[in-house]
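Quick heads-up: structures coming right below.
Each of the next two complexes has chain A plus one more chain, namely chain B in the first and chain C in the second.
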Partner chain A sequence: MKSSETQASAMAPVDNRAQRAERSPPSRGGDRVTAGIRAAINHVDLNRFRFWFQLVAFVLFVYGGYLAIDLGSRLPFFSCGYNQEGRAGVCYLLPLQHQLSRPWPMLFTAASLSILSGLGIFFLWFIVLNKGWCGFVCPLGTLQDWLTALRRRLGIRYANYTRGQFAQLTKVKYILLALTILIPLGIGGGLWSHDMSPPFCLICPARMILPAFTGDFSQFTIDFSSKTSIVMTTLGMMVTALFIAGGFIKKRFFCFLCPMSALHYLFSKLALFRLKKDGDKCTRCGDCYRVCDLEIKEIADEVNKPNIMTDDCTLCLKCVAACPEDGALKATFAGIPIFESTEAGFIRRMR
Partner chain B sequence: MPRLGLCAALLMAVLSIDGYCQEAPARKPDGNEGGRPSDAQIAKWRARRPADEVAAKPTPGAATADAPNADSIRGGGRPGGRVMTAKHGSNVLWLSDSPPSRGNGKSRWGGMGGMGGMAMGGGARRGPPVKRLWLRAGIDPQKSGFARDDAKAETEILLVTPQGKPEGEPLSAAEHHKLSFEMPVQGYYRLYLTKRKLKDDTLAVSVAKAEVAYFSHGGDEEERNEAATAPRALDSAPIEIVREKKPDEKMFFRLTSGDEQVFIVLRKGVPVANARVRFVSHAGWVKEAVSDDQGRVSFQIVRDYFPAWNEFEKRFKAAYLVIAETDAVESGRFNDQPYRSVRYQATLSGSYYPSPSDYRSYAWGLGIGFAFLIFCGTAIYLYRRRRVKPFAEVRFDEKQ
Partner chain C sequence: MNTPTPIEEQPAFQRTRQAREAELTLDHITDDFDGNPAGMQYFYELFRRTYIKGEPVAHEGKLIGTTCIQVPDELIYAVGATPVRLCNGSYHYDQIGADFMPAKSCSLVKATLGMLHSETRIPKTAKPDLVVNPTTCDQKKKASAMIEDMGYAVYDLEMPNTKESEEARIYWQRSVRLFAHKLRGVTGKRLTRKALKAAMARTARAQAAFRRLHGFRKASPAVVLGKDVFLVTNAFFFDDIDRWTEAVEKLNTELAQRQADGFHAAQRKAPRILFTGSPPVFPNLKLPVLIEEAGGVVVADETCSANRMLYDMTAVDEWLLYDMVDGLADRYLKPCTCPIFTRNDDRRRRLLDLAADFAVDGVVYQSLAGCQVYEMEQKSVAETLNAQGIPMLYIETDYSPDDQGQLSTRIEAFLESIKTRKRKVAA
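Now for the complex of A and B:
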């Protein structure tokens, strides 16, 4: 009885503040409209918004090709190039690996300017959403969220890494990125067979899974034309199995190992879309850490650095939605706050 | 005794090849009658053909006596045609993107690998890529030699480029059997080498055509779109063969064995019905058919690549050759000499690759995938089960 009274007295001021925030009228008409829009955004049901946004993005990038949509081949997420018919663009890792596997003498000619121009176009795409491409657009990321939803419905509990495992596994994506660049260079120099090209795509689960959504199951095969092909396609099938199994016990299992995520992080400080934290307003309640799919502890612990985004972050903004402190976490675009944590928004989302 | 058995088996195999060829129904392009020429038609063509070629053509019985090459033996017993000798059809001129010595199908890196027609094969390091073609004589895509210059024949070479005149421009070449041209923009480049020669009262007109597709991944998209819709036939060509593009054909298209491919025979842009069309595969298998009313004829690309497992190359570039012939009763004068009939011959060559179904296995892929999935699932289940601590009730006696 005593404890329930304490709970009630703790909740009362929160409710009052929420009501005040909703009722307090802005002084002028323009401000009122701006404040209304801002409140509407901050109070949004982020999970529902993300679900619909991801669904639309998935349909666009897996089936957009049927509507003659082509956004080029420098996209900063897994719009798989092996999805021949349905893709609305191609993941940048595919052309990058092809370009890097050119013969070495060709790499030092004007022809290789296309590598730089490709990187430039990738960068232009990337700076718009930063790692938000992973959290909101990437079809493989969306599939993992759907697997998580299925797991939840089936009542299978999820797993967490220990801090030691986290520290070790977070390096994997950088190793994969280095191999994604170095192996094509070795192929161009004649060190390895062309059957290994493009090395990351051959083991990427998107190669198998995304074309299957358009009825193309041709990638679920083992290529027996050479020993290298056998090894690479077998690895591909094993990684696909691991992706499905991992997706059932771990949120965003593959994002933790994704070389595209590592490539993003190299440029993320230059991007327009950012995640910021005001450490003075943070109470270190840990809500943000608990909702984080990637188990990023710094989001709760770090109170000194305003730019809180880490290399594993997918900018899903679930941490912002889960934060009950006004303005402690915010997503900004070119410095303008577009979605920030508010107490009222938090309470509304908790209802 | 074993040698006798081997000889008998070989003889049976060769006989069965030839027997199949005689009985195998040619594919009917649209389901209508007339896919395969009748015996009367064949006899008519033979009668019209120059005497030397008729003499060179082996009769069905004679064909069995020709020793097939090693590739043909490996493919023995498979349906699709017969093995041709180099002698047969040695006056057939065609354009190839490889000289006889290199026509072994080995995959070559540095150029663009594979279109249904021909692919560009590299070029100068600076400046636009250069395509080199060779004029060859004979109907064996591998062994046909260079064509000899014929002083009596009149030769005309025309290059149709994507950005040039639709009717093409003359290409000067010092040696007709070795031709090259630059490809500054993306698109289809077509080379027509026309030879006219009078023999008795018949004018022989042969058009060797090559269609080279040049596209690059990073190239101008507008150029690509223009190329996709640009006409691929020449209205002024005396005769030509056009490879019909498939409805879903992309720029970087590869013809593979097992595919169905339609060719259209045109004379001055008009379809030619009842033309005799032969398809010659890389190993020398020949299939004959007759064009329908729309000038169309369809062939299934025969699988004729059977290397040892450890020598298999999925990028094995095999060459095919298509030959179309038709006669016309036309009179006129050529070099002040009269003629009463014209014999037209058109050739087109291209390349094809092994079918992915030759070297890809769904059973193994899905088997490995499922096995690993079950392994991972079981491992996770056992790991979690091992970590579950059994419930142990601890009771405290408050009285103590």
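Now for the complex of A and C:
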């Protein structure tokens, strides 16, 4: 068959759908509008939507500071505080580590209420998007998606973990979170030098990479002022190199190891934005697992739990977009479905 | 392409037996029912020409015969070849094939062997340049060497025995990649991204058409009968894919009109039947036709000659060869509800889902005698369905027409019991 004919024929399902929409039984005007909006959302080209959403979020949080935007310092994603000029807010891990590294006697005074209030504000931010902050907003996540896009353009295959590697590495984020909390406490107790503070930030790739986007390359240095500083900044260099190399060959390489992701998961049961699965409608075709950047196998295999989001999930919703079964996967906000898997949406997207 | 032997030169006796069998089935399908959709004419004609008149089936490029739905058609189209599914439903060939297999083996495997062994293969395609035989059930596995002995080039497409584990998935992905290499060897054409994408668009369009047809069967009262849908999907075995898709799209347009007009293809209260088990392959549409002649309507199926063959669609993340080929591999393995796998949770869940979606009153489970895997799963499927209050009729049969009388009695009793239940519930 000639290619032109093939192309023409590939268009046919759209026509059918249009006809079907016209034929659908007339209902009250309001319902029809709602149904129309719902259909439009469910048919959306999610990858394109995400690309633009992420780009806007990246610009906002990396350059927003120049427009005097300041959303506080309790943000649940890597809007890096070291990006002094451009940041539109600060990642919560920075103030958290500072607060925890106060001298121990101070920890048990009323001053520590600020730790709780900080956590409270972080929580309020967090519950809005749940881990959607990772999939849609986090500048470091966006950067990894751009690295992925670059790799794809070069036609290089992505890497996968074996299930064994996955099972081991998925624990790393919890270890990092524990260290992010315990090391500052140790510093406050005088066990370690203040040159180690804030420990996670010193090894976080965002500290070096995000300021670079505003022309500040000062973080790309090894601090020779003390042995601890040498070790921490060298480690930071290595992690940043690993971030770039890893992000190039593995989709969302760093997210899998991110302590913020671990912190999120502690609260995710209370979040408003959710990923839900109706196991009865699932054929376990594995399409969702195929497209998952974090290689979460449960998304395809689990058919009993309605709350399907796991600790590695970034709520990017690619699984919902790649599901051909009506209503098997859906993203809900405060219980209201906002993006749902549909057969028609799938057929449109996979052309 | 081989030039087909003119029909007159073939041994008259064989042609007549095969053709008579096909004609009988087709006559039942067309003449025993009122209000056949006009869009079905294409398919009635196609089967009349192919099975009764023995007209040759054309193809482009190399011809790749497949003995199972697990062979990715997309890869075959992408290298400019044409797939044809060899699974056969003829009693005539079943008897010829009996020479190869033990007496108590599956009619479908025997008929396929018989057809390949026969001088006059119907559907009358050229001799396949390659026969791809996925290593599914034991009988199909052992058929490989026999087909090879008949003078065909055979390729064993290695399949795992389980599908849940990541190891099985990786193993199958590698199998599919090897198969892509094999196709290159056979056709001399390299698999390219562009060709594969075009091939996937062709099958996706066919699948979209099928899914729409499938969706119309949810309508109550029914707008289309199961015997017609089985005929449509059986045509997919050998028909040109684009022509097939267009014919299905035309049929869909007609069915949409029927639905809008409130047309019903069966009686308003006809028991709605879900068909599962061994696949009905033309001309062995014995059971679906008997069900509908007895006043039931087959509203959905879970068989590899219809739903399982066309329903599940491929998702790709990165439209490059590595991801497209692996994506195809996943689509052919992960959702498969074939009983050859160790576990059948997915099959049981699928049946429950179909039963709920299509407002099913009862399930008819066909096991071709000798098809052990379906026979073995019967009990667990029956228990799952009965636990949900869905009655199931288990029928063990083969391609021989001898048990028709007995079967129609059992089916009528089953449908009657469903009607009685419904009346009781209503009262």
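Definition applied: the second predicted complex is superposed on the first by the 326 of 351 C-alpha atoms of A that agree within 3 Å, B and C clash if a C-alpha of one lies under 4 Å from a C-alpha of the other, contacts with A are read in each partner's own complex, and residues count from 1 in each chain.
Methods note: contacts are C-beta pairs under 8 Å (C-beta built on N, C-alpha and C of every residue); 3 or more make two chains touch, one makes a residue touch a chain.
All of these numbers come straight from a predicted model, not from anything done at the bench.
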Chain B versus chain C as contact partner of A:Thr109, first or second or both or neither: first
First, second, both or neither for A:Ala300, with chain B first and chain C second: second
First (chain B), second (chain C), both or neither touched by A:Phe224: first
Chain C versus chain B, contacts on chain A by residue: C
First, second, both or neither for A:Gly286, with chain B first and chain C second: second
First, second, both or neither for A:Leu67, with chain B first and chain C second: neither
First, second, both or neither for A:Tyr158, with chain B first and chain C second: second
Which superposed partner A:Leu150 touches (first chain B, second chain C, both, neither): neither
Residues of chain C touching chain A in the complex: 164, 166, 169, 198, 201-202, 204-205, 208-209, 211-212, 242, 245-246, 249, 252-253, 256, 260, 311-318, 320, 322-323, 326-327, 330-331, 334-335, 346, 349-350, 352-353, 356
Chain A to chain B touching residues, read off their complex: 73, 84, 95, 98, 103, 109, 114, 117-118, 194, 208, 217-218, 220-226, 229, 233-234, 237-238, 240-242, 244-246, 248-249
List of chain B residues in touch with chain A within their complex: 109-110, 125, 217-218, 250, 312-314, 356, 359-362, 364-366, 368-370, 372-373, 376-377, 380
Residues of chain A touching chain C in the complex: 1, 3, 5-7, 9-10, 12-13, 16, 19-20, 23, 152, 155, 157-158, 162-163, 279-291, 297, 300-301, 303, 318, 322, 324, 343, 346-347, 350-351
